[in-house]
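Okay, so chain A shows up in both of these, paired with chain B first and chain C after.
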Partner chain A sequence: MTMIDRKLLKKESIQPLLNALRESGRRIIAPQRSGSAPGTWCRDLGPGDEVDLEQRTTVSPKSAFLPMVEEILRYRNEGKRIVMEGSRVQAQPTVVFGSRPCDTRALHALDAVFLHVPGDLFFRERRAATTVVTFSCESADPDCFCTSVSGGPRDAEGSDLLLTRVADDRFLVEVCTEKGKQVVELAPHLFEPAGDVDTEAFVATVPVRFSPVEVRKRLQDLFNDEEFWREQSLACLGCSTCAFVCPNCSCFDIQDEADLKGGSRLRCWDSCGQKLFTLHASGHNPRSVQSQRWRQRIMHKFSYLPEKEGMVGCVGCGRCSRACPADMNLLERLTAIAEARI
Partner chain B sequence: MTAENVYQPYLMRIERAIDEAPGIKTFRLLFEDEESGKNFDFKAGQFGEYSVFGEGESTFCIASSPTRKGYIECTFRQTGRVTAALAGLNEGDTVGFRGPYGNVFPLDDWKGKNLLFIAGGIALPPLRCVIWNALDLRENFEDVSILYGARSVADLVYKYELDEWDKRGDVRLTTTVDPGGQTADWKGEVGFVPHVLEKMNPSSDNTIALVCGPPIMIKLTLPVLAKLGFAPGDTFTTLENRMKCGIGKCGRCNVGKYYVCVDGPVFTLEQLQGMPAEY
Partner chain C sequence: MEALRQRARELLEAGSVQVIIGYANGSNGRRRPLFARRPEQLDQLILEDNPPLNLAVYLRKPEIKRLGKAGVVATPSILKSILQLAAENQYRDSEALFLALDPTGAVVELSTADAIAKYLGSNGQAVTESESCAEIASLDRDGRFAFWQQEFERCIRCYACRASCPMCYCEQCIADSNQPQWVPVAPHSLGNLEWHVSRAMHLAGRCVGCGACTEACPAGIPLRLMNQFLADLVAKEFSQKAGAGVKLDYPLSVFNVKDREDFIK
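Up next, the complex of A and B:
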């Protein structure tokens, strides 16, 4: 964080702030109750839509930066000739409103992949055009473990604005970046100066459950323990729901779609949990069984990324544990790794 | 803005299509944009993403030598959707190419050394690039030996070049086919690559070994090289992990902390010994 300016915002001013954001031409992505699917989902907020800031979203706001499917190339056929058409880069100013500290922190992992040279134009433009307004967590459930992986329910890492409830009807607004400041300046009359406030009064308590340093150390010795990984992953169906809901996971596939006039190349979410992910053309598969693919998921997040980028590839949001149809609980698995006797 | 799009391929025209073996073809590709062709540079060992528009991209090495300017060549076996579409193309047709990607064989470090190439089947193309590169700079190296094996005589690729190498006085070429794969007039060896290598008994003294082949060939050849005294640091191979992006993002070719597409595809045996065997 380069700057911190503190303001107060009344709860009743949230709607006027959203209106001001919309009037400024910004696209707003916010948690909303879904009409069809159960739970709360991050999606485009239309004029009449209601933001749900109470519930945890089923899927993180990752898709605001890395859409599930994104066109990365477009061409048309002219007889036998192929003619490239310009890339359709989405750079509309956007606000992700109502992100959580864990989800916002996870943007660092996406940045490490997509901004690293050679940068991904599509991600970079979306990222640059997007402002992240994060709300501190007022509740946590048993699957949450942000504090075990350097985060916390009031962690401002990556946020442009961090809002923390400090009274029943008021939020403390911490202006962390220039982009955050621009949001405040859209409707300065909505913000009041902040005096001394108790920042922790409404913030959730999330106990530290394990040490990622310990997990990483154990993983180096556990890698070849096939029985350990088999037991850890016995229930895994290989469905990749965990990667789908994960704010850090960013592995992708590239697929073409075409008709007679032309077509496009698409970058699509994918997962190391899938057998096809690593299957060679020859039929050889370096990770041929599910236990190896589960091990890859854990190793990548808790050993390879820390070694390579100095960051854990998990923010402890707990979504994978909540969403897993086979009850593969990540926190339980990590605790087992940290406590494994080798 | 388009120029910045790392997924945008060069448009390439198929100048020549060669049937190498059943299901295996070589394309010589020219840059449709001459300027791009002039500026294009790569080194032995690098690879690219070759695409058929509407079908997708496939990863192959650049099989031609960087000493031969103005074109690149790729050799592929028809296996899946993209390679089937590639195989259906003709001379004059357009394909996409992104690259060059990955690290390189350190040819500059090998001046004054003997080079021993060991290849099996469709894995000759990555070494063929190095072979021609070395032969075009022949004075930089001492003995150049090539051991190439395939399942059958029909499965050997670059047959015309095998003849050419055989006729040169400065290359020692040994070809072999698996037992049962020989023809009546086959003059080469009959036997699996590791066995033939053992029989050849090459000296490891001042010699770099480059091994490319199917996993089973590599697995059985490495112990023979070790027995012959080749140091793990002097034994090179390329990994052929599945890839999509080629630029360290899609996550597919991840082996330990490495991405084969950016940290490889060229690895020494010494490096592989420090990595999980997920290749």
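Up next, the complex of A and C:
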């Protein structure tokens, strides 16, 4: 499947490439600034909109595949009959432009959940229609730990095109898939052949901080250690920030919005950090305290997913650590788990 | 600071409190809450004038409650929150102990609402100067609506605003109710607008302006502007300020024959 073909793209050719993508009828989702907020946000890129590729988006680009909210069916009431209007899958050809290697790698975990046979119709269509153009990371901060979870700042896993800055204001373009090739073919004149280029100069260094194999091993013994989980999560406020900025988290909630005439069924992001997540109709809550919810978050990503799908449910993007209002640093907690004396 | 740490140590050692809640340096330049149960953990304690988080929020958390009585290293924001909570019957005298500094740098121990009110009255350190709403208030209706539409568009409905707010103590939040669904739960534009407007209205005259919601918001939505606007309005119309006294007749639920009615059209 790997068919890496290498090209060079001038920095000033980025805009013409985006124009060519738009002219081909593709929807473009790219990082942009928004209102008064610091950071960048993945949004539909309109003709006059400016892409900001300088930083990681505050929220991961996963909403391009799993929107925060999507209608999965609609119905209307006709007298005593309920008429189903079915579901409308929107799968316009789309390009996610300006993803990062960690975010792109995270698609594997989403695939594992949503493409599991028979597969989720909405996700499958959207995923198939989407091309991912990833930019290698030129810088990393101390919250980043992609290299501890099999990734890296120039990791091509999952990308259709991987762009890495090289000398002379150019990007090395690695064409990883057929979809990526189609993008290049939209504007072949923008690309130059690439010889031997040095990619090291502009690629971030991310030290390996822990071993997920070790974490998984410890977790098996730590599960029943209530005190340990309580200590780890004393500061946790029980919001959903970590899950919602995460590129891997895939839990969702189904909500109906209806009136007398009809209604629609919506799929919305959900988070295991919320008290409501496991609340039964009886009033019983199997995860009655926050420490159990925190344990679930860690177990799911570092024990259950490795066991079931052979992959860690975390790509080390560091977003949860950056966004947590209580500074529940994930890397710090994983290191503590890996070093736990049991 | 050393006096504070010393007193906290004594309190822990004497068993007067079982946990000291304060701030510590967190990861990568951030601040984090500290829950010191052993004297040596107090080495991490720092004094923080502009903390991102309002520690009063932890006093209702079951895991914290079960640690025992808490001593809280308190900022004016925290004390105002406790005063407001006391006025709403959500804080009982002596439930916790608050440690603050007087202007001479001496440690003051407060555990009753009266003592807190007195302290705040005489140590009138202004709670962090709140951002001005003037800029937004000067826009016309469409302009204000457009401003908030753009801000709310980034909302991911993580409820960090709610989770970080000492005044959001409802056992069941309006946004968590399915039957009936009072507020659309989905993070679409209507849902986001209804959520933030509902929350602001619930906080009108109750918000002490600590800014924790704005700090907690991963989307950088300036929620405190909305809360401040309503606080100013309640202050103007009802001469009431949240966290200003032991007793407070919540203006939106109390009838007074002297209330002006000319704004009802």
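As a working rule, the second predicted complex is superposed on the first by the 339 of 342 C-alpha atoms of A that agree within 3 Å, B and C clash if a C-alpha of one lies under 4 Å from a C-alpha of the other, contacts with A are read in each partner's own complex, and residues count from 1 in each chain.
The rule is short, and it goes like this: a residue touches a chain if its C-beta (ideal position, glycine included) is under 8 Å from a C-beta of that chain, and two chains touch if they have at least 3 such contacts.
Bear in mind the structure is a predicted one, so any value in this text is a computation, not a measurement.
When the two structures are aligned on the shared chain, A:K308 is found in touch with chain B, with no touch to chain C.
Applying the stated contact rule after C-alpha superposition, one finds that A:D141 touches chain C and leaves chain B untouched.
Contacts of A:P38 after superposition: chain C is touched, whereas chain B is not reached.
Residue contacts after overlaying the shared chain place A:V213 against neither chain B nor chain C.
By the touch criterion defined above, A:Q255 lies against chain B and chain C together after alignment on the C-alpha atoms of chain A. By the touch criterion defined above, A:Q274 reaches chain C but does not reach chain B. Once the two complexes are overlaid on the shared chain, A:I4 sits clear of chain B and of chain C alike. After overlaying the two complexes on the shared chain, residue contacts for A:V59 are found with chain C alone; chain B is out of touch. Legend: residue contacts after superposition of the two complexes on their common chain; A:V69 is shown touching chain C, with no touch to chain B.
The contact surfaces that chain B and chain C form on chain A in the two complexes overlap at residues 253, 255, 257. Contact residues on chain A toward chain B in their complex (touch as defined above): 72-73, 75, 77, 80-82, 84, 86-87, 89, 113-114, 116, 118-121, 223, 250-258, 263, 265, 267, 270, 272, 277-282, 284, 286-287, 292, 296, 299-300, 303-304, 307-308. Chain contact summary for the complex, chain C toward chain A: residues 26-28, 30-33, 35, 52-53, 57, 61-64, 147, 150-151, 153-154, 156-160, 162-164, 176, 178, 181, 184-188, 191, 212, 215-216, 218-222. The touching residues of chain B, counted against chain A in their complex, run 1-2, 4-9, 11, 51, 53-57, 77, 79-80, 83, 92-94, 96, 214-215, 240-242, 244-245, 247-252, 254-257, 276-279. Taken in their complex, chain A has these residues touching chain C: 34-39, 41, 58-59, 68-69, 141-143, 230, 233-235, 237-241, 243-245, 253, 255, 257, 266, 268-269, 271, 274, 276, 289-291, 321, 323, 325-327, 329, 331-332.
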